[in-house]
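The first chain written gets the first letter, and so on, giving A, B, C and D; residue counts start at 1 in each chain.
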Amino acid sequence: MPILAGLSEEMKASRPLADIQVGICLHVEPKTAVLCQVLVDAGAEVVITGSPGTTKDPVAESLRATGVTVYGCAADDAVAHKTNIASVMSHRPQVILDNGADLAACAARQGVSIVGGTEETTTGANRLREELSGDVPFPVIVINDSPLKAIVENQHGVGQTVVEGFMRTTNLLIPRRKFAVIGYGWCGRGIARYLKSYGGDVVVVDTDEIRALEAALDGFEVRGLDAAAPWSDVLITVTGRPDIVRREHLESMKDGAILANAGHFSWEIDLAGVARHPVKEGVERLDVAGGKRLYLLASGEMLNLAGGGGNPIETMDLGLSLQALSLARVAQSTDALVTGPQPVPDDINRDVARRMLAALSG
Amino acid sequence: MPILAGLSEEMKASRPLADIQVGICLHVEPKTAVLCQVLVDAGAEVVITGSPGTTKDPVAESLRATGVTVYGCAADDAVAHKTNIASVMSHRPQVILDNGADLAACAARQGVSIVGGTEETTTGANRLREELSGDVPFPVIVINDSPLKAIVENQHGVGQTVVEGFMRTTNLLIPRRKFAVIGYGWCGRGIARYLKSYGGDVVVVDTDEIRALEAALDGFEVRGLDAAAPWSDVLITVTGRPDIVRREHLESMKDGAILANAGHFSWEIDLAGVARHPVKEGVERLDVAGGKRLYLLASGEMLNLAGGGGNPIETMDLGLSLQALSLARVAQSTDALVTGPQPVPDDINRDVARRMLAALSG
Amino acid sequence: MPILAGLSEEMKASRPLADIQVGICLHVEPKTAVLCQVLVDAGAEVVITGSPGTTKDPVAESLRATGVTVYGCAADDAVAHKTNIASVMSHRPQVILDNGADLAACAARQGVSIVGGTEETTTGANRLREELSGDVPFPVIVINDSPLKAIVENQHGVGQTVVEGFMRTTNLLIPRRKFAVIGYGWCGRGIARYLKSYGGDVVVVDTDEIRALEAALDGFEVRGLDAAAPWSDVLITVTGRPDIVRREHLESMKDGAILANAGHFSWEIDLAGVARHPVKEGVERLDVAGGKRLYLLASGEMLNLAGGGGNPIETMDLGLSLQALSLARVAQSTDALVTGPQPVPDDINRDVARRMLAALSG
Amino acid sequence: MPILAGLSEEMKASRPLADIQVGICLHVEPKTAVLCQVLVDAGAEVVITGSPGTTKDPVAESLRATGVTVYGCAADDAVAHKTNIASVMSHRPQVILDNGADLAACAARQGVSIVGGTEETTTGANRLREELSGDVPFPVIVINDSPLKAIVENQHGVGQTVVEGFMRTTNLLIPRRKFAVIGYGWCGRGIARYLKSYGGDVVVVDTDEIRALEAALDGFEVRGLDAAAPWSDVLITVTGRPDIVRREHLESMKDGAILANAGHFSWEIDLAGVARHPVKEGVERLDVAGGKRLYLLASGEMLNLAGGGGNPIETMDLGLSLQALSLARVAQSTDALVTGPQPVPDDINRDVARRMLAALSG
């Protein structure tokens, strides 16, 4: 992770978090440990808890060995998680790094004063805007909404690794295979583009006319889902919305066709009432009306994560670097920041883009 | 022009401009004549003038034969143009189709009451926003700012035809040739992409870090202009800004290197004081310090227009269709429109996108 | 495997191997079992042995259940293999399907009369031409030399799965990464092309000037190995020849650079005397002079097999179908065949190409 | 023409044609003049004539000014041409550079003794092998059959310039347009590839199953001509054979579809009895049964030559360089050459490939 490594060197010298108490809620796993180390090197006192069930105990142990306070363990359930959050907040952190707004919600409940924080997820940002609206009297920089994530992670990271996940789970050649990509957002255009660059016969489905026209001029055939489903050998959803592929679409598909999802939730394909039979790792057979067999990859979970190696390292490097710089900003100068959830400051985006460009030119 | 042809059929039946007086300022050339015919078929009374020097007299003649009132001729100068504008306005048009805000300025001066209008150019839109700010008490839909134009005309139309213009003026193969594309906006990414798809070795220059990172992830090497200029065999500017390539860049280039511009104005390459010698059609030799010879394509004017066949027909079809629907909207329901310059209404963009998709699927 | 499935249906009806004794030496694994079933359905009596150590006992068991005679088991060593070969030959097969010319060598030694056979590998074909030259008085069709394998397996199958293996072992993004592909044969051009289609910065190395020029016109930068090695982030060999990347090249590479091989043998990178340390699955660290660390993927074995999911199913379908048709040809009409090793008959290649095209158009 | 320029420098020093009389039959046009100059610089006495009607008189004049003997003028007909050929041969050239075997035929008739020569065209090579078989007791190197021409000129040169010719004659966008490319030889695969890289929807037709399979794995849909013709918006022939597209295919096409040819002769589309009406430069309207209108580009002549700027300069540089080196070889060492027509010696191909690579790396 060259960007984070460079930041770490700089922050060791400049110590932008000197004597700042940082409270963190984030999966306690190796990459998080790297971020914690950067924050510690930047001068912070770090106290962290994970999410229910995701804490890796050896990582927690090694973090403790470096002076980080860690609450929780792999066995924690939702109740234990709540206690852990309270424990983190009991350290009176000046700055928080949040995941799903759990720390912010606790601070709001307790009326604890916080200088500011960051939030990893769009879900957390929505919670801040809705459920916690008005209760968060400090700035929270939302990392996931950075345009850099759309470019690096969604378009290219997801695009390349979804193709990898398809090859890994199926061991099939791509040329001339008929792929229907449902959704031409950032992820969808990455997937469509990389499949086509491999010789796939790619049809794009998007109900937004402007995106559909973009897809056409990018060289893709555009169809409605009703026409794309029975045509496709492989149908991949990536719309972000539920119940896009429904019973009637499944029944219209060819015997032997393959289904996968690359959207955040597995809800895009409605599998209610469909019999599922494991075939091999990452592949289930679906029996649909009329004796047709369809094949579902990675249980309908994100194909690149559940069926492949997950997002490339570069996307972590990017995300963690945005976190480190945004936390330092919050700690040092909240003047330029408004109250509540907000995008990553433009100059931080540009700084990280410049660093990533330098790393790519290595 | 299948979109416009389809619209024409529909408007013949629905007659959305029945008995509306439409005043037009637009180059009087064949494609304009087609638009006029659509407006006449839609029920309009049309009165038109061109811009100084661009009127094609035979087209004017044929328009008159169909009942359109035409002012001006090929020989017109700026003074005559002003008179022509006034003549058009003397017809008291309810609706205007403007180019550079000439009709709107006249209406403002005369205090003439207008229902609304359209403006073809971004230049005209800027004039409405600045010089004429507050003086245009009616809605003006700005055609050139439609996202469809960015997609269809800028990225793909300009992208493909700039490559065509390069091949036409130079008769050179593209594989492994070193191209520096300066500017990674809509046009620049189209040019870079099509050159690369032809095997060109393409370096992108953009001072905007986010765009530069996009270019890198799209597979392009990114450099600063200082490094790209001496490396390149061919340097193409498309930034929209003046004096990007300056004397020091020219002097750093390789003997025999080629320069071209694809931006709207020829000002991007500063040629002040550089000796220019015609070599063959579309190619001039530039003598720069140190005895180096550079080659300038199409006099530094837009390479696809001045050195090639110009924008593809599809971009005209798109632009004229946006004009026809926007004029009908202005004539029929200004309620949903604000006063002053404004984007093409979203539903019109979507309608035209849908029509273009249908035409592409033909 | 749609081609083989179609052939199986046809051969069940036409029974081209009716009452023919077929002796087979081929890895006893699931795909071989499928081929055996096709041969049995075509009327053959099948007797088979594997290669030392590659026999999967459950597959052997299931083959026996269908009436196939199987010699050998997973525990076999070279001595046991020799006995197994003799056992197969003791059945007096009229037709043999050979792997490495083991059956043919036995037949030559014993002076057994054989109608004809097929040979899977180029290695076996070379053995027939050299060591066994003059001792094989019957036609042997060499499957691996079919132009279809070059197209389907080498260019596209290997090309796509090497990229998959790279992503799987490294979890790295491809755009702008610097790849040196050493060798621009069928495999090399597939690898280079797919890496480039993913945005990789690909340099091709080939000492053959014609191939190098092809690479350049295909859009790749061409360099010598001495220049490519220190430039590359990732160096992939696929030349088919030994000791291409030598100590001096390794020492010239960047700290942190990655090495992989996609050629048949792991001999292309000379690792003699280089310290190797496992890092994670599929990745070893190499310590070279000057404290540099390089990373070797898949132990230098074929990256797509040892580091990824292996060749796509379509390439097996192709190879087994060529086997089935070639065996039937040998059994039915040796008149058109010469004695000794020879290419797959042109009409069989065309027949299989036609069947594969039909399958791709599905 | 950097390769030829480099050769010229070397030959000025080494003078491989010192005092050799070189007789040439080749179109007298600017590029030929450049070649003549190289030969003169290499020490040759040059005498030249053109083909009927292709001599450009100013070029002839300027050649004469440099000491070259030129026979013929622009006004020459077939009879005059015959006399010119005889005039060239009357100089008793030791070495000939031939076009269509006209000089060789004259030498055979007259029994003139020649050391050896080159032949530009495949047509001339065929004449040497057939009509003149046995009558040419000297080596003739056939330039057009060099594998370099297939790579540089056919695949890339023709591929790129056919797309340019299409854009120039039609001014149409390429994305999603339906192109049928008939023939997947070197030219056809270049055309198909470049059209696809521009977003075209490309179907390939080839009756050779192996080529068809290659096309499919290269990502193209493959169809028969009967299915491709009615589907296509644009049909391009490049098979090298006559009467591929026949009346029934024309009548099956869509109203408004476009036809073009990129093969050497215009005979691939059978237009016998079809009414043709000029529309604009490079476009004719064809009226076929049922009131359908088709559009023929460049009169059915090679689209890149007759409708565009012709082959790129690099292909001339390549061809003329092969000529210069082959002539020097014939003059200096015929020992390694057999009698009669033969391919360019392998080492000359490799030498020129190396020089072109160096030029591309510039």
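Brief remarks follow.
One rule holds in what follows: a contact is a pair of C-beta atoms (placed from the backbone, for glycine too) under 8 Å apart; a residue touches a chain by one contact, two chains touch by 3 or more.
Not measured: the values here are computed from a predicted model.
Any chain touching chain A that also touches chain D appears here: B, C. Chain centre most remote from that of chain A: D (centre = mean of CA atoms). Centroid to centroid, with C-alpha atoms defining each point, chain A and chain B lie 40 Å apart.
A separation of 56 Å divides the Cα centre of chain B from that of chain C. The set of chain C residues that touch two or more partner chains comprises 152, 156, 173, 175-176, 198-199, 216-217, 221, 360-361. Note for the complex: chain B touches chain C at residues 173, 175-176, 196, 198-201, 216-219, 221. By the touch rule above, chain A contacts chain B in their complex via residues 147-148, 151-152, 155-156, 209-210, 212-214, 216-217, 221-222, 349-351, 353-354, 356-357, 360-361. Those residues of chain A that touch chain C in the shared complex are 152, 156-157, 160-161, 164, 167-168, 171-178, 194, 197-199, 233, 308-310, 312-315, 360-362.
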